[in-house]
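The structure's right below; bear with me while I get my questions together.
Note that the chains are named A, B, C, D, E and F in the order they appear, and that numbering of residues resets to 1 at the start of each chain.
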Amino acid sequence: MPYVKIQITREGATRDQKAQLIRGATDLLVQVLDKDPATTFVVIEEVETDHWGIAGETVAVLRERAKRGTGP
Amino acid sequence: MPYVKIQITREGATRDQKAQLIRGATDLLVQVLDKDPATTFVVIEEVETDHWGIAGETVAVLRERAKRGTGP
Amino acid sequence: MPYVKIQITREGATRDQKAQLIRGATDLLVQVLDKDPATTFVVIEEVETDHWGIAGETVAVLRERAKRGTGP
Amino acid sequence: MPYVKIQITREGATRDQKAQLIRGATDLLVQVLDKDPATTFVVIEEVETDHWGIAGETVAVLRERAKRGTGP
Amino acid sequence: MPYVKIQITREGATRDQKAQLIRGATDLLVQVLDKDPATTFVVIEEVETDHWGIAGETVAVLRERAKRGTGP
Amino acid sequence: MPYVKIQITREGATRDQKAQLIRGATDLLVQVLDKDPATTFVVIEEVETDHWGIAGETVAVLRERAKRGTGP
């Protein structure tokens, strides 16, 4: 009866890619722990890039900086 | 001081139904564990049907298949 | 296909009370949104009182202060 | 390697305020536990006021009542 | 910068199986979305069987019933 | 009415350090968003090092390797 949450930044993942994540996470639980897929939930949460921080900065800022080609 | 998260697929729950979920979950904590409602939080999260998977498929696909009347 | 998480402080809830929470939360989703109980998950998380804070203090400290009968 | 989730009601927090939350939460983990900011994630989740309940009522209703100046 | 949470019942998953879950979930994010493994977190949460409910009953009760070979 | 979850590996954080995290996170919400501390929850979750993965490996393995002084 597993529940898997996959949290990613909202940066263009397609419907097909999300379906692959759901399929893949379910298969993983079935293969490793012999879980029943019928009661395996996978939930994807997309988070805006200005709502996700790493190293004290938003991903939005990190992406802008990377585009401009300035460090770090 | 309970915190309750209710995660459902986004499929047309009304504002009134959400208020009923919040009222009902709060009452449950009060009745069963004598919790103080003033510090009982209930948060509802609606998840798109192509972000929720069960049995390795998205709910969006399951709903489309059910509409077409084809198995499983 | 709802998923409900109930987070409470670990302060002596019995196995029977937890079963009541699970039953009650499931019934709530069935009654309000006509969800299928067979795919309704309820997960209870008990949190140590020194891991839960409110108003900037741990519940452990608040409980100790309440026992001593001192404010606020 | 901390992961911090900050859940707030969606009531007008600005992009700059969110950046401050991310910066502040990261600094807190660095100062208190000497964590590496490069592997410290902070995720902000904004929740609609009719999806957040306290004392059995939605924040949306509480805000409307406060505006009208009627108790409690 | 994905964050994956895998919630399972505590029913004897070994340290090696948990390592496989972590490896597999990370590979999935790399393969499907080209994410950087260095900033991919996977967190496993084991939940006691009397803290997890499905169909209104705890997994603990369901397991006991299955052992006794009685329905439903 | 914020809810903050701080998830860290279980590696010896003291009760005092946890109280500092709770105090600091509450202050942050008060200072940045003028939130009421009386309805600000902070919950700390400690995760075993073999339940937390980064770059496809458990923190337990990374810590052991670091102790032995072998790369990467």
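Basically, a contact is a pair of C-beta atoms (placed from the backbone, for glycine too) under 8 Å apart; a residue touches a chain by one contact, two chains touch by 3 or more.
Just so you know, these numbers come straight off a predicted model, no measurement behind them.
Graph distance from subunit B to subunit D, where chains that touch are one step apart, equals 1.
Averaging Cα atoms per chain gives one point for each, and the point farthest from that of subunit C is the centre of A. Of the chain pairs A-E, E-F or D-F, the one whose interface repeats that of B-D, sharing more than half of its contact pairs by residue number, is E-F. Where subunit E touches subunit F, the two copies mostly use different residue numbers: shared numbers make up under half of all numbers in play. As a whole-number value, the distance joining the C-alpha centres of subunit A and subunit F reads 20 Å. Separating the CA-averaged centres of subunit D and subunit E is a span of 28 Å.
Among all residues of subunit C, those that touch two or more other chains are 1, 3, 7, 25, 39, 41, 43, 52, 54. Looking at which chains touch one another, you get A-B, A-C, A-D, A-E, B-C, B-D, B-F, C-E, C-F, D-E, D-F, E-F. Across the complex, subunit E meets subunit D through its residues 1, 3, 39, 41, 43. Those residues of subunit B whose C-beta lies close enough to touch subunit D in the complex are 15, 18-19, 22-23, 25-27, 37-46. Contact residues of subunit D toward subunit B in the complex are 7, 47, 50-58, 61.
Taken together, the subunit E residues at the contact with subunit A in this complex read 1-9, 13, 17, 20-21, 24-25, 28-29, 31-33, 35, 39, 52, 54, 59.
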